[in-house]
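Letters A, B, C and D mark the chains in the order given here, with residues in each chain numbered from 1 onward.
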Amino acid sequence: MEHVMTAIRVVPLDSYLVLSFLLFSIGMVGALVRRNVIIVIMCLELMLNSVNLLLVAFSAYHSDPGAQIMVFFIMLVAAAEVTVGLSILVLMKRNTDSVDMNILNRLKW
Amino acid sequence: MVKLDLLAILVPALPLLGVFITGFGRRKLSAYAAGGIATAMVALSFIASLILFLGHDGQTHIVHLFSWIHVGAMDIPFAFQIDALSLWMMLVVTGIGTLIHLYSIGYMHDDPRVATFFAQLNLFSFSMLLLVMGANFLVTFIGWEGVGMCSYLLIGFWYTTPAFNYAGRKAFVMNRIGDVGMLLAMALMFYQFGTLNYVDVMQQGGLMASGNPLIVTATLLLFLGATGKSAQLPLLTWLPDAMAGPTPVSALIHAATMVTAGVFLVVRSSVLYELAPYTQDIVLWVGVATALFGATVGLFQNDIKKVLAYSTVSQLGYMFAALGTGDYGNGMFHVTTHAFFKALLFLAAGSVIHALGGEQDIRKMGGLKGVTKTTYVTFLIATLAICGIPPLSGFFSKDGILASTFAANPVAYAVLVFAAMLTAFYMFRLLFLTFFGTYRGTAHPHESPKVMTVPLVVLAILSAIGGLLNIPHIFGGHSWLNTFLASAADGIGMHPLELSAGTEWTLMAISTALVLLTIWYAWSLFCKKTTLDGEPADMPFLKRLIAKRWMLDELYAWLFEKPFGWISKHFFSIGEEKIAVPLTAGTGKATLGFGEWLRKVQTGNSSFYLFAMMVGVVVLLILTYFSA
Amino acid sequence: MEVLALILIPFLAGLLLLIARPAAMARGIALVSTLLSLAVVFWLWYTWTGVAVTGISHDWVPAWGMRFVLGYGGIGLLMLILTGVLFPFIIGTGYKQPVGDPVLVNALLLFCQSALFGVFLAQNAFLFYIFFELTLLPIFFLLLKWGGEHKRAITVRFFLYTLLGGLALLFSIAYVTLQTPLPHSADFSVLAALHLPMHVQMWLFWTMFLAFAIKMPIFPFHSWQPETYTMAPTQGTMVLSAVMGKMGLYGIVVFLFAIVPEGAQYWSSWVIGLSLFGALYAAVIAFRQNDFKRMVAYSSMSHFGLMCAALFTWNAYGISGTMYQTFAHGVLMVCLFYIVGAVSQRTGSNDFASMGGLKTKMPRFALLFMFVVGNAIALPLTQSFPGEWLMYNGLWQWNNWTAFAGVLLIVLGAIYMLYAYQRVMLGPDRNIAVTDADDEEHTFLVPLILIFMLVGLFPNVILHLVDGPVQHLLNSFTSLP
Amino acid sequence: MSALILISVLGVLVLYLGLFAKKSWLAPVGILGLLGAIALFYTGWHINHPLLGGMVVFDRFSIGFNIGMAIITVLIFLFGPDYYARKEHHVAEQYALMLFALVGGFILTSYSSLLMLFLGIEILSIPLYILAGAKKHSLRSNEASFKYFLLGAFSTAFLLMGIALLYGITGSFHLDALAAHMTQSGGSDLMLNFGLFFVVTGLAFKVGAVPFHFWVPDVYQGSPTLVMTFMATVVKMAGFAAFFRFIDMTGMPDALARIMVLLTIATLLVGNVIALKQTNFKRLMAYSSVSHSGFLLLALLSDHGLEAGHGMAVGHTLLYYTFTYSLATIGLLILFTIAKRANNGAEHNNIFQGLFAAKPWLALCALAMFLSLAGIPLTAGFVAKYQVFLLAIGAGWLKVMLFGVLMALLGIYYYIMVVREVFVRPAHTVTFVVSPLNWLVISLCAVGVLVLGVWPALI
């Protein structure tokens, strides 16, 4: 286990930061520009995972396992969330026969 | 003293009682009952005043009833002051009042609201008595406003005629303008002296240096009040219109008593005026100017009452001229004699109007001396009196005034003499056109009933012999009235005339001669042949101007009434409806509009929401960056 | 205990009405309850010894200085008298000029009276505020349900406008409460003791004054008043003008003069200027009004202007005069609005055009009206005169020219009141089918007329109530550091 | 702790009851369980020990909030039977999901570790995503759940980013560590501020603060009324509890304070101004909920300058405010359901017309609750606002506070407009059908609002 940590520590922390920020931004922008709900959900996952990456990196640098527990929780919750999300998507497909997220805009003003 | 207190309270209380009786019983009482009661009340209060007068010991008595307004350092009692001045005014008011009440019984007996009329007439007597008896300015002010209100009510007594109501309002409002001065003067004096009791104010004021600006201001403001009440320039246009009221009202309120309240007020505070020579000059010249104004306008009036009204204005001018010269004694004397003959003139005129069934235009009269004998004779006496023909009362009072004016300022004297000539002219014009020549009207003239003629006779006698009250030294008398009034709280009117007897004789001779000359001229114009004025339209300019009362009413209408109405309308239509209300309502509307606009942001598109959230995040993030 | 009774009697009576809903005797019950509270007020007056009374003092929420303190000083007592005396008449108006469902109307009026008693009894700023706002609710519903045209819009506007002031006041109360030493207390006694720094008083004055200025209303904040008065049912207008407006004047005395005296002193010239201008402005407007009720509304605003101006002159005559005048003005307004109601009830409209020449048909009514006019133009020996006289003195002692401006009001007052009287009563009979004043109207107006004549003759009965407190107020101010 | 377990088990139990189609038992069982939980919380009032390795602390603050939320949930459950009367299947899930969400709420009030914060938010949210979409065949319901899910997930990502950054600085998820670090670093560290900011973003989303409020109106309007009630009440309480806990434990550096001020002002403005023109009652309530969030943020703001853990006055105010607000909201939304049925499905504000004529008592209750929301004296809403004002002035936020006063005035306007409807006679006759249970709940809420308004010390 220990050598994993060291392996992680090879790369300076800032690089992890930048990378995860990049991933996060990619996800965010993707969620903004794409209208297909499935892709949007994927983008959200990407954002979450960027956070996971960051957490792992930190835990390595702090040599504290807490963050990795957190990562597991995040994965778990993300799974649950996506389940719900997809089920909602299914409903949506049934009702509107489309997966374009702006098709649903009856509620406004 | 109890007796004095009781009487002093009775004097005003009786007319008030009359008000209640005639007022509450106005439906049940017959015309004569109401008139009788009202008259009785005033008569009784006359008797009470007479007893007080006879028992007067030359001292000043304060009858303290109760503390009226008491705040902090201000304690204004409800009290009467019994001294020579107030006693004299009480006598005049109740005396003349009684006669006029009596006369009214006959004059008003067939009016449906006669009881109300008498109630208001009694109320007037009550207020007038408060005015003259008040021991401090504020109690006087009660009466001051009270008489104003009564005059408003009585002028508009026949309320179905809009013109009369207008006249009433005009009178009241103009008086109110004067009252502004009075109120401010009182505020000033209270601020200065910490009291409003005449005795204390005069006592403290007397210690101040002559020409003290405070005194000048106070006296000027008081005089403003006086001009309002006594119809002096510039606040005189209400008096002629006030003739809309029943003739007895004109006689009592607008000739004999109320209009002299201004004179009374000035005499009351003569001590202050003595210390304000500046104000005295103003009083003198306002008086002179008014005398001239009234006299000129009187020349070409065709309404019998209007003529008398303007002559009243002019006579009041004489009184103020006297006060201006500091000759308070003769001022009061003229108040008295004027009360006699002017009341008489009005009542006689009323009798004529009554005889002609309401006709007031002298062009439709004439030749009445055969029909209405008593009226004619009494009217003649009064006319001679007002023109100052010796030895009638008017001669003495007017001559006294002329003399002291000459002493003070020859120019003023000249103007007043001229005014006296004009007076003689228009009075005789009136007399001739009314009683001489041939009847030009359509009605069937008849002499008035006894109840009306008796007062005429009494007044005629008074106007004839009234002069005896104050015969000057030059005639071997010793100015009894002056001496008597001098015993009042604050030695009034004691100005030994510094004129040689010779000068006095000359003055008398001059004025009398001129007057007689004028009378002859009037005779030649209106008695030998009857010349009638047409409408103002076809007169030469100056004459038209005079006939139209120097356009004073038009001037005021143009200067004040119209602009005021305009402002009032537009303050509302612009200030309120265009600015104030729209502003509030507008604020609300604007907010709602903002809401309407802002809700559009909630487009309903999820991607926009995401975008908006991200923008929010980024912006705030940048802020955090810079503020961290 | 009496003080609590004052608040409870009307409140319980109102509840009774709401629960029992005795349509037939609703007015009777309401009248009895108001007379009952009037009796209590008179008892308080009778037992008044000249020293401030604290009836109830009880903790509420100590943390925020909210305490339930009821009591009254001379000025408060005067206000209680005002409320107690006028409400029987306001209720009585319903007999001759019924509006809406008697149960609800009277219940609302009673609630309003209860709240008003609360306002004048409260000795704790927070308590004061609560009652201050509670007075609004009944009026709000009264106007909303039984107002005239545009009632919904106007009512809401009025409600929000007054609440704006209220919230500003609440803000000020919260602020000053936090300035008090721990444990915080919003009692007037405590608040009066703290001397806030000048720069605070400068702005705090306005946040407080706003509420009262809107209530009265004073010139720039008046735009709600005429339309509301005109639209409101007669009883509502009476409450608004005769009693609720006085909360403004009372509030100025208990809040501004006690808590921000220097601020009040500093701004007094501004306030006096605004008030006097507003007074003249309203008086001028009143002259050419074509709507009788609106004309009276403007006259009321004009009077309030004068009162507020005199209040800020900071001398015994101005303040006492104003305090005295609150009562006079209340009586006057009830009379006037009753007359407006009675006349427009007969002619079917408030418009002067629909009136004129009524005196021939209704001479007795004209006489009553004449008395009221006399009071309205402040003839001496009517109730209004001593008040105005004192206020003029106050103004004069503050500055001669303001006194001049103030005195002009008696001219303008005469102009518009007499003109109104003429337009209603005088002139040729236009054969409008109207009936003369009946016994009910006499039983309503004659007592009021007696009141204002008697008080006018013996104003000291009112003045001696305020004299002491006013002196005390002035002394406490002059003794400031 | 035991309460947490109890509620979770209760949820499962309810689900099983659903399996055996004991529809009429659901609400009673749920309520009994909740009362039990309340009792347990109450017994735990004085014990204040950390649990789960110090990741959760049941102190007075959290227990107070928990009891409050439990009570609100009880009231909502009391509304349930009538609301679901027409619905045959899948009623149990609704109750169960609400219970699960409630567990999330409990965690949010008592977390002392960012990990638990994250978990709590998710446990609270995920059931709500489902509940919002409970009406399977209603497009609106579907849209509501979708938007809620989408935006929720989005904000979660920010929250996590924030947590990660904070962890990166302190090397621990524990709030105390964070507080400690801040006290020594003085809170001027950029990364720290970013972390704090991202976490605040996530929380701001939950409480519906502008500009993260976009979900509120749409979701409230779309989701079933009962669910909306739950969101507007319990979720708000939990959200602010979490928010306060975070702010109070960590303390508020000036940078964050500035952000908070902006959030507050924006929330007050947008919430109130947009509400002015709302004609759909649910949407109106949604915006009013936003505006109330604004006032609550104002209260949070006055925690600025207090050192960590000393904001109990603020906490108390938040509890009082949210609880009384929830009371009024429940009552009104139940009334709304009744009116909606009476006007066959319309949601316009004017469906309340004729209420006073038909049901005077309920009308008066409605009046009380509206006035409470508007903040008129003698109602709890007024006291709540007054507390906020006191706090804000005490903390020196005078200008923000004055702005709040103005906005409160706007608030009064739109509530008054609805009140007006209540007292208007309708054009056509409407018959309001009120089940005794609903009547009870409404009366309870109204009376509660008034009683709490007169005796605020009760909370």
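In this section, contacts are C-beta pairs under 8 Å (C-beta built on N, C-alpha and C of every residue); 3 or more make two chains touch, one makes a residue touch a chain.
Remember, it's a predicted structure, so these values are computed and weren't measured experimentally.
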Open item on the list: Report the chain ID whose CA centroid sits closest to the centroid of the full protein CA set.
Closed with: C
Task: B-D or B-C, whichever has more C-beta pairs in contact - done: B-C
Task: Centre-of-Cα separation between subunit D and subunit B, whole angstrom - done: 79
TODO: For subunit B and subunit C, let me know how many angstrom lie between their CA-based centres, rounded off.
DONE: 37
Task: Cα-centroid distance, subunit A relative to subunit B, in whole angstrom - done: 99
Task: Whole-Å separation of chain centres (CA-atom averages), subunit C against subunit D - done: 43
Task: Residues of subunit D touching at least two other chains - done: 146-147, 150, 154, 217-218
Open item on the list: I need the residues of subunit B touching at least two other chains; which ones are they?
Closed with: 599, 602, 604, 606, 610
Open item on the list: Using the touch definition from the top, which residues of subunit A touch two or more other chains?
Closed with: 28, 31, 101, 104-108
Task: Touching pairs among all chains present in the structure - done: A-B, A-D, B-C, B-D, C-D
TODO: Provide the residue numbers of subunit D that touch subunit C in the complex, in ascending order.
DONE: 371, 376-378, 383, 386-387, 389-390, 393-394, 398, 401-402, 405-406, 408-409, 412-413, 416-417, 420, 423, 456-457
Task: List of subunit B residues in touch with subunit A within their complex - done: 599-600, 602-607, 610-611, 614
Task: Complex contact set, residues of subunit D against subunit A - done: 115, 118-119, 122, 126, 129-130, 133, 136-137, 139-140, 142-147, 149-150, 153-154, 156-157, 160-161, 163-165, 167-168, 171-173, 217-218, 221-222
TODO: Flag every residue of subunit C that touches subunit D in the complex, lowest number first.
DONE: 61, 64, 129-130, 133-134, 137, 141, 144-145, 152, 156, 159-160, 163-164, 167-168, 170-171, 174-175, 177-178
Task: For the subunit B and subunit D complex, residues of the former touching the latter - done: 591-592, 594-596, 598-599, 602, 604, 606, 609-610, 612-613, 615-617, 620-621, 623-625, 627-628
